[in-house]
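The data blocks that follow each hold one structure.
Two complexes are shown next, each including chain A; its partner changes from chain B in the first to chain C in the second.
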Partner chain A sequence: MTNFLMPSRRALLKGAGAGLLALALPAVVGAQAAPIKIGFQLHRTGIGASYGRWYERTATAALKLINDAGGIAGRPVEIVFEDDATDPKRGAEVVDKLTQQAGCDLVMGTLFSHVVMGSAPRAGELKVPYLVCSEGYHVASGALNRWTLQPGITDVRAQISTMAPWVAANLGKKVTMVFPDYAFGHDHRDFFTKAMAEQGGEVIAQIAIPPTETSFTRYFPQIPAETEVLYHVMVGPAVLTFVKELGEFYGTGAKPALFGFVDSLEAVDTATPGLEFLEGSHFWEGHPRVKPADAGEHEAAYRAAVGVDDNGASVSDAKDVSTYAHMFSTWETLYFIKNAMEAAGYTGPADRQKLVEAMEAITDLPYGLEHPQGAKRFNGKTHQVFGSQYISQIQSGKLIKVHATTIDEGLYPDAVDYTAMSF
Partner chain B sequence: MAFGPFLLLALMEGLVTAAVLALAASGLSLVFGVMRVVNVAHGEFFMLGAVIAWFVTGMVPGPAWLAFAVAVVVAPLAVAALAALADALVLKRLNYDPEATIVATIGLLYMLQQAALTFYGPDARPVAAPFDLRLQTPWFGYSGYKLFVVLAAGVVLAGIWALMTRTKAGLVMRATQVDRDVARAFGINVDRVYMGTFALGAGLAALAGVLIVPITQAHYLMGGDPLLLSFIVVIIGGLGSLRGTLVAALVIGLSDGVISMFFSPTLAKILATLLVAMVLVFRPQGLFGTRSP
Partner chain C sequence: MKVWASHLAVVALLLALGFLLPPYHATNMARIMVLAVFAMGYNLAFGYTGLLSLGHALFFAAGIYAAGLPIWHWGLGAAPALILGLLGGGIVAGVTGLLALRTAGVSFMIVTLMFAQAGYLTLLYFNGVTGGDEGFALPASGRMLFGADLSTDLPRYLTAWALFSATFLATLALVRSRFGRVMVALRENEERARMLGINPFTAKLAVLVLSGAASGLAGAAYGVLFGYAGASFATIQYSILPMLYVLLGGAGTVAGPLLGAVLMFALIEVANDLTSAWLFIVGAVLVIVVLFAPKGILGALRDRFFRGLP
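Right after this comes the complex of A and B.
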């Protein structure tokens, strides 16, 4: 006879087994639901701080959508933001810290090209996927490594090769370039000069400006008088000074047509007093800041999620203008990660190599809420994504989209095959 | 562009640099002269002036000149008050020990800079110039406001000179500069003189910041360059000598304008730093400084 007080040996064993199972169950469930940790190398301070703030907001908005929809492969996702002070040396340390201390599965989010150049080698040594949102040609040029990819934004070379034919056909053929004197500016100098020559145009002067410069009037006398188009691409906190001083310099006198990369005006209100002389001038935009009349069906949802109004400013403060032409890259990179992790059956850091291979296998990224800037094509060999570019004109103080390019216009021959490199 | 207009533009740019520099550096020089304190946070007072000007002009309704006029008064006063507070809370407690105050002002530098980042943000924000005047020469256009900055700096510097040489406050400050113990023996409240001097120095930096902000925008990292250039000017001119500071600011400002236009801005910085090295080697007290006992 068995009773509650005197259980048989079998009942005791059964009970103990069930108890052990019950204890172990939460651990098993917990392991499945452990969050995926994405390290974000953020320009929270330093000259990239305006971009950093919006990169953080955009990535956080995408993260919320991804988690609300069930996370990645059923696991919740976390982003660990770490400030790199927009400094290359600190950048490498941040990659280290995010990977080794915070235990992130991968690292993403860097914009400034000198920080990318400083950080990518460390990511390669740690064998951690490093997904940059930087525009630089450094990924597709083959200068980096198998662990570094740029899946969220097109590179300067592609951008320029689509802009040069338009500039030559619509604005003029004698161009003077003003650009920052480091990697990003040099990409512009080299590719635009070449692309312009192919269009029968000519770059007649190249004016390189040190990245920490705060006053620009002294450089303007170097602009030759016969210049038809002034091509400007400036970055950093002094961009507004640059455009204002340019306006003062030309004043009411004759002036060349202006073509700029919106980097010269990111986070700056185009209706700022002193910028009137930009009226009628053209800008490249990665993603039109002012919502175009023919915007895609997901544009409104994307703006609402990030908290940006139809003019590209924060919904809570109309003076807080976003870095709209670039920040979509963090959103799209997060969805690219989701896509690749689910394809690779990613379970943890041991699968990092498998993850990079899955990323390299991705080709088409169709337009949708996952890719609100437009459809894209990823090149697994060069680790670079290709997409549409936009040209906007300042009309009544607002950037109005006037031209869009196709993906094919921005393609160029592969300069590297990362898939042939070892991990 | 022909040589003549090119040189004219270079000189005008140089003059603007010189004017702002003279204002900022005179504050640094005053603080060192009277208090023997090397104020590393001086550039941050400059930045605060610009940032506060942005806040003030945003709050004052009405025409741009009125908002700017309010900023010119409010920003330097606010910064001076902050400096007086820093003096009472930090410098005084360190007994104005030269080494300790350097470290303390480095700390102050970071606190002010990060506070600006937290409360003001990372963007460069514009402040409208009090008037919109552009001078159109046959070769190039030039901002009328920049010339106003030169004039305003001249007026303020004349005021400082009058304050130091023609008023009782100036007399007391000069007495403290010569020998603080003897000054104290004569009944001068040295603590109050120090607090006033530190506030005045910071206020001058802030005023320079307010004047420059319609040209370059307010940004939380803008204090770095003026600090470096102010030190260069003060070392060349002679620490504690207002006349030396003015002459050195003109030399550095104009040479910076001309050299960076005709050659490169980097060369201008190299030459300025080289000049500092030469002065330190051959005339350590500066061009107009007196050898300290």
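Right after this comes the complex of A and C.
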């Protein structure tokens, strides 16, 4: 006879088993719900701070959408932001901290090339995926390692090379280049000169400006009179002086067509007094700052999520102009991570190698809310993504999109096969 | 004897930490020891001899490139690269000193600053060879030292410790030698030192070469231990860094640079966790130290408790 006070042996075993299961349940649920932690190497201070501010906002907006939609493989996602002061030494320390102290599953978000170069070796040593948003050619050139990838933004080689056909066809074939005399400027000099020659055009003068220069007037007489296009990529505060002095040099007389990269005007209002001389000139943009009339169906949702108006400024402060041409890369990198983690069945740091292999297997990244800048093609061998570039013209002080390139225009032969390297 | 025992105890403690600390802190301690070598070199010039330089980034960068470029371009190994770094820092400091030591005080500071800036721009200008502002990652083959892989935790720590210990004990021997007293004499009263038969120019040049060699060794060590060389190491920030370590830990003390490097590293870590305005906290702490302990922590302790501290 059994009753509540005197249970049978079978009932006792069942009860004990149920009790153990109940005790174990929170641990199982907890493990399933443990957040995926993504370390973000952020340029919060230093020369990259204006980019960093918007990189943080964009990544935070994408994170919210991902979590609202159920996270990654059902797990919530956290981003741990850590300032690297836009310094390569601190950058390597930040990779260490995010990986070994904060316990992040991977690290992402770096923009400035020297910070990428300084940090990537440490990421390789720690065997942690390191996804940069830098547009440098350092990844695809083979200078880094198997753990470093650039899936969210095209590189400078593709960007520059795809500009030449349009410049040659629409602005002119005799080009004078004005560029800062260091690596960034030299990339432009080398890639554009080659691409222009392939179009039957010619770079007739290359004017390198020392990085410490504060006035440019004395360089302008070196611009040959037969110049049809003036290609300029000055960066930093110097760009305002450069444009103002260029305007004074040409005055109201005939002038060559101007073509530049918007890197020099990121986070700067193109209607700023002193920039009037740029009216009618053209710029490369990674993602059109001013919402184009023919923008894709997801453009509005992306802008709303990040908090950017149709002019590319913050919705809360029209003077707070975004780094619109680059910041989409953090958004798209987060979705790339989500797709790769879900494809790899990622459960934790032990699966990091499997995760990189899953990333290398990704090829097509279709246009959508996950990739609002445009469709892309990822090359698993070179760890570099390819996509469309945009050309905009300053009309009434605003950047208006006038041309988009195709993905194929930016492709170039592989310089490395990271998949053949050991982990 | 007590002095040697206490400094050897520091060396022993650091060795033990390599086996006791978790990997994250051990890696940071390796970084700190390399930077302390840099600061010890700076301390020889500034702390002991009174040569206020703002150009030591040039010597650190000379070391990192003298080691890094042959590794990158010609596949040199880590051991000869470290020696080249030491020589590179010393030679560049010697050449700089030959010209800059014609000045003194604030002028010396400005001339050294200009030399460092010229060095930085040279690195940018020849970016085809140097990697320019972007820099370059050192290949794995150049990070092997006597069969040990310096990209792994323990060999990296032990190498940093060995370089630190050698510099630390050599500095102690130097400052306690006759030449060490000459250095202090030049700092305290150059004219009196001259009256005693010391040639200030030659002595200061020798100090600057030793200081530059230690800075170059630190630069080379940073390159081979952490796998990166870049022009940012030649910017003024890296001239100020060893000065801050020395000021915080105690100028003219052998262990001050190590203490300063440890505290500054910890301060940046803690301040970074507290606020995005972490540079403000770091700056405020430095102002407080300069106001209330102008001789640095070990300098203040020496004045009050340990009169014989070298």
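Simple rule for what comes next: the second predicted complex is superposed on the first by the 360 of 423 C-alpha atoms of A that agree within 3 Å, B and C clash if a C-alpha of one lies under 4 Å from a C-alpha of the other, contacts with A are read in each partner's own complex, and residues count from 1 in each chain.
Keep this in mind: a residue touches a chain if its C-beta (ideal position, glycine included) is under 8 Å from a C-beta of that chain, and two chains touch if they have at least 3 such contacts.
If you're wondering where the values come from, they're calculated on a predicted model, not measured in any experiment.
Novice: Taking the superposition on A as described, I'd like to know which of chain B and chain C A:395 touches: first, second, both or neither.
Specialist: So A:395 meets neither chain B nor chain C here.
Novice: Quick check for you: in the superposed arrangement, does A:363 touch first (chain B), second (chain C), both or neither?
Specialist: Touch partners of A:363: none, neither chain B nor chain C.
Novice: Quick one: classify A:238 as touching chain B (first), chain C (second), both or neither.
Specialist: So A:238 only meets chain B here.
Novice: Kindly classify A:218 by the partners it touches after superposition: chain B alone (first), chain C alone (second), both, or neither?
Specialist: The first partner, chain B, only.
Novice: Looking at the overlay, what does A:114 touch: chain B (first), chain C (second), both, or neither?
Specialist: Second partner only.
Novice: Which of the two partners, first being chain B and second being chain C, lies in contact with A:210: first, second, both, or neither?
Specialist: In the superposition, A:210 touches chain B and chain C alike.
Novice: Under the stated touch criterion, which partner chain does A:272 make contact with: chain B (first), chain C (second), both, or neither?
Specialist: A:272 contacts chain B only, not chain C.
Novice: Going by the contact rule set out at the top, does A:251 touch chain B (first), chain C (second), both, or neither?
Specialist: Touch status of A:251: first partner only.
Novice: Is A:45 touching anything from chain B or chain C once the two structures are fitted on A? First, second, both or neither.
Specialist: both
Novice: Which chain A residues come up in both lists, the one for chain B and the one for chain C?
Specialist: Chain A residues touching both partners: 44-45, 210.
Novice: Mind pulling up the chain A residues that touch chain C in the complex?
Specialist: Where chain A meets chain C, its residues are 44-45, 82-83, 85, 87-89, 92-93, 96-97, 100-101, 113-114, 117-118, 120-122, 124-125, 136, 138, 143-145, 181-184, 186, 210-212.
Novice: Residues of chain C touching chain A in their complex?
Specialist: Going by the criterion above, the answer is residues 22-24, 27-28, 31, 117, 121, 124-125, 127-128, 131-138, 151-152, 222, 226-228, 230-233, 237, 269, 272, 276, 278-279.
Novice: Report the residues of chain B in contact with chain A in the complex, numbered from low to high.
Specialist: Touching chain A from chain B are residues 1, 6, 9-10, 13, 17, 117, 121-124, 126, 128-129, 132, 134, 136, 140-143, 215-217, 219, 221-222, 225, 257, 260-261, 265-266.
Novice: Flag every residue of chain A that touches chain B in the complex, lowest number first.
Specialist: 44-47, 49-50, 52-53, 210, 213-215, 217-218, 220-221, 225, 237-241, 244-245, 248-253, 267-268, 272-274, 320
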